[in-house]
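By letter and in written order, the chains are A, B and C; residue numbering begins at 1 in each of them.
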């Protein structure tokens, strides 16, 4: 199943102005271009390796939908740097959301835990936008049902602030100060035409 | 000494006349009739005057299920529906299978005083289908029972049916048969057998379970020289056999219910037990055949099969819920819309099917008479433009298993008169 | 998604697809060490079974429990009669306690439709009389698709006591909506009423000769064979003369299985259970590599989790306590 036309439930869950509520107009202020995204990922990959002192025990889990290709790209960069592949998979959080009852039901997406499992590993959760922190909270719950990692880290392409839970990212592509009335939209070539991060709406 | 002057009414839809009723009998008919000022007057301009309706097939539930209907409440519903006489079916508790039971029904009807309640006697003891009930004693009683029926159940045993027919011939009785071969349509059968019953997974009630019994009974009536009446014929196949029997000179009459003239089996698709009735609602094609047969006289009469049920007897799963629906108050509206407005019958034809023919079949000499001087004043005024929407909550019946709720009709009963006395009027029901 | 799942006709092709896709995700939970997700925490599901069914009831119960719902089993034994409590009273009494969903098995066709009109909670049909059993059809489709891939353009033959089968009625709808061709095979006495016009309207075919359907000249190759249970009691009802005669005509015997697998080694065999081994299906066929019988049981939990999720988890998934108040006054339903 690859419902790439579905609304990605990966972004933060607050009802207003999350990235998922914006139609793909292509308009808005571009804050990261394809090259910026590529450089940000490369930097994050190096940060991950540095923090982990190498690739040993690393498992990358993307949060669907856009976290999944980001995790794969990070894994590819790490493999290129280290010369060996690292386990990468996906972790769907739909069943763990705290706002299930506030929205129409959405179809869950695949969870694919690498065969090596997560027990005793350093799991890096990967998502596109960090906002309220509720998605990450759900992801931590979901992860716990799959095992007991030695450590869990968080890597995001964009941190737009406005946290509602005591959660912070270990690796950030770009800190992007926004107002809550603005919408951050991440496009990735895997789903969209090309890589970009744009901001639309809000009072300027 | 009582008198009633009806002014401006149109007998059978004809020219307007005045009708003076004195002592329960039509005393004078003419235009510009004069009467002393103390005579009660009923302005009936624009209304149609018909002989009071006679229902060959009513379930009044008393004795036994007075929570669903009593003879008094059923009589009120009948009067509101324009009826001046109803035949009360025998499947009460206890069953009307003795003279005493029949007289009790008769007396309760008289006490209510709204319609003539004529008891129907059971054919067999306790409706068990095995031994004949006391048919002659019921006939010799004050109730003068001459229609016998195990309605709700078929007199299935051919030998028992034969004896019943032979026996009642001696005093001019008639057996009204609930034509349902129980081996082809058992007690669970509740949906016309066909694609719909297949899809809904409901036990099927095939047309042949009706037509085969009608055919057998017709042969038995011929063999015994007796009279048989077919209750609630519901299928084209049943009509075909009735038509054949009549053409063969067999003494066979038949009735159809208002619901089989209008409602179709599609109503069952929501599993609403309000529409559960026996025999079941049939496909549109059968409805068309029934209407044509009523129009051409193959079917003699309309009979309501008014079957009130307490709410909790209907609120079961469809196959477990009780059979039956209300019909007395809406019968005229349904027959008027389906038969008269469609042009299949005129008002005289409606009067025949709802009054004259049923009175003749039941042997009720005071009812179903032409509107003429000297006839008992059992009359009904109807408004053929009385458009209205049925409200189940407004029913005189104690029960609410009313399939007509929310349906709109163009004709309405206005006033009912039993032997010169008004038994139902718009003021009263308002 | 519809509010209730009363019939497969409540689900269009897209909804069926969504439920089957989600079932794939739910299947993953089934293979975890800790089989628990918080999705339906705080929801109460009543399994109201008026008929015995170990398989379906336990499957729904496990599905609910793995999703953290509170599931309570109530057996409403004994058929309703005019003297017993009415079905409406029974379900409204439970509904008034504030439950979120009823999973109902009832011996009477349409019982779930009726209950849906009486209660605030969601109603899921777990088999009503000889009408429908939608979650069985969903798990059948799920199981067949896992082995065969998409059912679009596939040919499914359904054989057995069709007239009394709720599994058939639900499968007819779902298989046609998923694009499969369907052929029904049974002696005429075990076909539902009006099957000819029904088949014409809904676009399936009907046959009485199993061997002709399975491998006759010009016959369309069969990809899946669904054997339905035949109750021996039907013999006394005159539906067929003897078990032997039935088996020779319509049973999946060892010989038939051999001929079938020769023609198409990829064929799959389903049976919703419980099986009458030796009557409609031989032991060899039930245990053959082509048999999906145990897969069906296993898929039952995942599919039911998916159904519970789609009906109960979302915005209007719970019974709204505020909306309940006016209706519990028992007023305004004279008609």
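The definition used in the following text is that contacts are C-beta pairs under 8 Å (C-beta built on N, C-alpha and C of every residue); 3 or more make two chains touch, one makes a residue touch a chain.
All figures in this text were calculated on a predicted structure; none of them were measured in a lab.
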> Which chains are in contact with both chain A and chain C?
Replying inline: none
> Which chain's C-alpha centroid is most distant from that of chain C?
Replying inline: B
>> Suppose each chain is reduced to the average of its Cα coordinates; what separation in Å results between chain A and chain C?
In response: 39
> So how far apart, in whole Å, are chain A and chain B when each is placed at the average of its C-alpha atoms?
Replying inline: 75
>> Counting only Cα atoms for the centres, state how far chain B is from chain C in Å.
In response: 44
>> Help me check something: in the complex, which residues belonging to chain C touch chain A?
In response: 1, 18, 21-22, 24-25, 28, 32-34, 36-39, 67, 309-310, 313-315, 317-318
> Can you list the chain C residues touching chain B in their complex?
Replying inline: 79-82, 86-89, 106-111, 113-114, 128-132, 163, 166, 169, 192-195, 197-198, 201, 334-335
> Any idea which chain A residues touch chain C in the complex?
Replying inline: 1, 3, 92, 95-96, 100-111, 141, 145-147
> For the complex, which residues does chain B have touching chain C?
Replying inline: 193-202, 204, 270-273, 312-313, 315-320, 322, 392-393, 400, 402, 405-406
